[in-house]
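Down below are the structures I want you to see.
Across the two complexes that follow, subunit A remains constant while its partner is subunit B and subsequently subunit C.
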Partner chain A sequence: MNAAARGPWRAVALPLGTIVAMAVLWEAVARGANISAHIFPPLSVVLQEAWKVGPFLARSVLRTFTETTLGFVTGASFGILCGVAFALVRPLERALFPLFVVSQTIPVVAFGALIIIWFGNTILSKVVIAFYLTFFPVTVNTHSGMLAVDPQKIQLMRAFGASAAQIFWKLRFPAALPTIAVALRLGISLSLIGAIVGEWFGDTVGLGVMLIQAMYTESVPRLWALIITCGLLGASLYAVVAVIERRVVWWRSDA
Partner chain B sequence: MKNAEMIWHHVLPLAISLVLLLGLWETVVWYFDVQVFVLPSPSAIAAGVIDTWPVLQKAVLATLNEALTGFALGIAIGLVLAMLLVLVPPLEAALMPVLVAINCVPVVAYTPLALIWLGIGPASKIAMVVIAVSFVILLNALQGLKRPEEEAINLLRSFGAGPLRIMWTLRLPAAMPSLVNGMRVGIVRAMIIAIVSEMLGAYRGIGWIIFQATQQVNFLQVWAAIAVSSVASMILYLVLVWVDRKIVWWK
Partner chain C sequence: MSSSDPAPRGSHAIPLLKLVNVWKRFGDGPSQVTAVANVDLQIEPGEFITLIGPSGCGKSTLFNMIGGLLPADANGSIVMNGVPQQDGELLGKVSFMPQRDLLFPWRNVVDNAILALEIEGVPKKEAREKALGMLPDFGLSGFEKHYPHQLSGGMRQRVALMRTFLFERDLILLDEPFGALDALTRAMMQRWLLDIWQRYKRTVLFITHDLDEAIFLGDKVLVMSARPGTIKCQETIELPRPREASVVTSQAFIAVKRRLLDAVEEESMKTFAAAEPPR
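Moving on to the complex of A and B:
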């Protein structure tokens, strides 16, 4: 935020410099320390490996990206709906909200195998896992954001004759948006994890599939290529959500 | 008074909705005659837990051992790193991008590498938990340690307090709420990561049981393992909520 104010040049140059420095350091350490490539391959070897499996990697990225996005969008929408419902209908909150919290201590990924049975070995089962991981933080934050609205403001609007719908659209929902945005940023990361783990339970294409295959063949360079790819995908998805957030929640610049 | 209120507002609704949910689940399974591989009834799962308790008990203890060891190490590493970054600001400027880059990668993507590097014993699971937990703790602790206002820090400094003293008397207490918050997120994550890592290869543990049971198409066993691990992580979570109330009483 401050860096951007000091000039766009610095905002770009600093992270870029760090990335280049990390790449050089990686290459130097891996070559200089003479560690076996089986344990820690140099970056150049990793990039060569990524190039070699390029087309498959590209298809996998596309597949995992699709699963993540579908799970995220449906999960976030459902989460916002649930959060709003909980905030507006208090008996519903009393009855269901504790169950939501309890449900999150369940290791969801353990259900992977069951979800494949329920939804078939299709893209849908991965989307369902990503959906499940996303909707909870969004529900919780929508709920708490809606409740955190200053009651005096609500009373003020009511005094001016605002309807319940107006209070919702003009006050409560906008006031909850910054809190919801925090959950969305968390949700996109969780959604990606859900998609990758979902693929472990059986599929033919996807980053999770490639990770498992590389593990069974003990191809460490490919594992590193996949780790970098997962990181790039995760960072890009996060960046997209953050940019949208800054557009929509423009009045709050500190987040 | 406060206890009664807490039971009334939190425990009772939870108990009622839990009982209702289990009742509904049992009825639906019974009424529609749902097959076990689709969805076993709660009573069947309970029976499954009792039947295979010796195996499940050993497994859940192994998983708890990995999760808690990794959790403790992760807290220590995350907190020490956060204090170091606050004490030496240039270090933060240099290291933060590296840490952010490591954190960008979904943590499960490291699992295969951990298994190759450290073998399929407990070490690889503990390492994964450490990675997952230390980041949550680091980010939360950083935020907390930086919370004291500039004026309070300057005041202490004007009394001759060094950076270490300021850290101990001002920053660390101020960081407690967000630290405990990070621990609450971290404990659930620790269990999940330990189980996920076990599913990819292990000698024992809940994740291993789930993997084996899936291979043997024994879905009642899968459900029983999920039930036991859920109860275990719920208990850990409640312990931390309790710690939160006790330690961070000034919140």
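Moving on to the complex of A and C:
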């Protein structure tokens, strides 16, 4: 708050300055230290490469973004539903939760091929992988957030004659929101990874596809351009989730 | 008894709440713990009863039973307005305030205060208007949009009290509401509570472990024994109302305090001794 009051530009200017300084350093080191462009291309070369493949890159970003968002939204919704169900119905938790844990110990690449066969070489298979990586942390945090509700607050509501539904909507769910929000921030990053990995198994457009192509052709400038793009996409998605979180779950989870 | 109360208190009047031989035991067999034993008490409409006892004497267990949160053992009965109350029937019939304020951090002052009204199904707009009208009485004018983390301990406690008063039930249960406050704030809150009580004409059962507080507030002081908790003795407080802060130095106050102090001290010592390892 104080930093913002002193001048909102400061909050932007400082990190922006760091980025510019790093860009200059990158360019200077790559050109000055006489490193082969094949190993470490200067930033200007990377940017030129990005410009050259601009339209394809833009379409790929859009595609990966769509897969990530769809996987995140479905995974987060499913995770919240499961977490709530586990918290409310103990037998369900005991029956299914171990299965959830086991499912997460298998690396997603192990059955990536299976997913492609099942869901086809379409956007759906990438969404499924993104979904698969997202739902688990959201389930775990929703569950623990729901269980961490102050029992005295539940007693208070009961003393006021509240129904189970009222206790859920007015207390349990809002009380779990800060914990759920933490998982959502983790989930959006995982979802992006899921989408990119899903694309490795085969497609024609997407950041994952471009990464594989750049790797096979050993186009290091292209790889760097893609790394930067992935970073920008990941950071933007994270920022959106964080901003929404700050709007909706602004209170401290003091319970 | 306060003579200012207009309600007739003939011998035929039905007490608001009557506890007859109420017990609460936890566990079975040799590990069984008796928290509350053989409690008989009677509360008349409009009375301010204070209940004092050493910590761990089962005060809160008794409270939870009166609030309907905990079923009493089958031996005895809890009778409200002449009707015996079965398990869970008391839920929603008593306005209940535990020790901690238990405010919801995502609700502002007004929305915290109307929680019970919302549960009852009162439309939000109507409930908020009612709460806004009560803010000055509770010393919260201008704070309606504040959130709990922006308030002092005393203010948070007043929001919780307002929530309790807005839940309009005949009986208000207050469990050490001022226990966490500093001495000065507490003295101020006690005078304020008496003022509010007289203005809103409710019946109050107030738990405390502070003897001065019990005498200053109550029409009647009940002393609870060390575990298992039972009503050891009671004392009617004849101090005139409204009570000024200076009443605590009056002869009458000190005389009552002297009589009660022995009883309270004895029970505290028992609790203390029980905490020592046996033999």
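Assume the second predicted complex is superposed on the first by the 245 of 255 C-alpha atoms of A that agree within 3 Å, B and C clash if a C-alpha of one lies under 4 Å from a C-alpha of the other, contacts with A are read in each partner's own complex, and residues count from 1 in each chain.
Going forward, contacts are C-beta pairs under 8 Å (C-beta built on N, C-alpha and C of every residue); 3 or more make two chains touch, one makes a residue touch a chain.
The structure displayed is predicted, hence computed values, not measured ones.
Q: Looking at A:Leu96, would you say it contacts subunit B, subunit C, both, or neither? Reply first, second, both or neither.
A: A:Leu96: touches subunit B, not subunit C.
Q: Would you sort A:Ala165 into first (subunit B), second (subunit C), both or neither based on which partner it touches?
A: The answer is neither, since A:Ala165 touches no partner chain.
Q: Would you sort A:Ala33 into first (subunit B), second (subunit C), both or neither based on which partner it touches?
A: After superposition on chain A, A:Ala33 lies in contact with neither partner.
Q: Report for A:Val220: first if it touches subunit B alone, second if subunit C alone, otherwise both or neither.
A: In the superposed model, A:Val220 contacts subunit B only, not subunit C.
Q: Is A:Leu192 contacted by the first partner subunit B, the second partner subunit C, both or neither?
A: first
Q: On the superposed three-chain arrangement, identify whether subunit B or subunit C touches more subunit A residues.
A: B
Q: Please indicate which partner A:Lys153 is in contact with in the superposed arrangement: first for subunit B, second for subunit C, both, or neither.
A: The answer is second: A:Lys153 touches subunit C but not subunit B.
Q: Could you look at A:Pro174 and tell me whether it touches subunit B, subunit C, both or neither (first, second, both, neither)?
A: So A:Pro174 only meets subunit C here.
Q: Identify the residues of subunit A that lie in both the subunit B contact region and the subunit C contact region.
A: On subunit A, the subunit B and subunit C contacts do not overlap at all.
Q: In the complex formed with subunit B, which residues of subunit A make contact?
A: 14-15, 18-19, 22, 39, 94-96, 98-99, 102, 104-111, 113-114, 117-118, 189, 192-193, 196-197, 200, 207-208, 211-212, 214-215, 218, 220, 223-224, 226-228, 230-232, 234-235, 238
Q: In their complex, what parts of subunit B are in touch with subunit A?
A: 10, 13-14, 16-18, 20-21, 37-38, 97-98, 101, 104-113, 115-117, 188, 191-192, 195-196, 199-200, 206-207, 210, 214, 219, 222-223, 225-226, 229-230, 233-234, 237
Q: Any idea which subunit A residues touch subunit C in the complex?
A: Spelled out, the residues of subunit A in touch with subunit C are 150, 152-153, 155-162, 166, 170-171, 174-175, 177, 251-254.
Q: Inside the complex, what are the residues of subunit C that reach subunit A?
A: Checking each residue of subunit C against subunit A gives 64, 67-69, 91-94, 96, 98, 100, 102, 104-106, 115-116, 118-120, 147, 149, 167.
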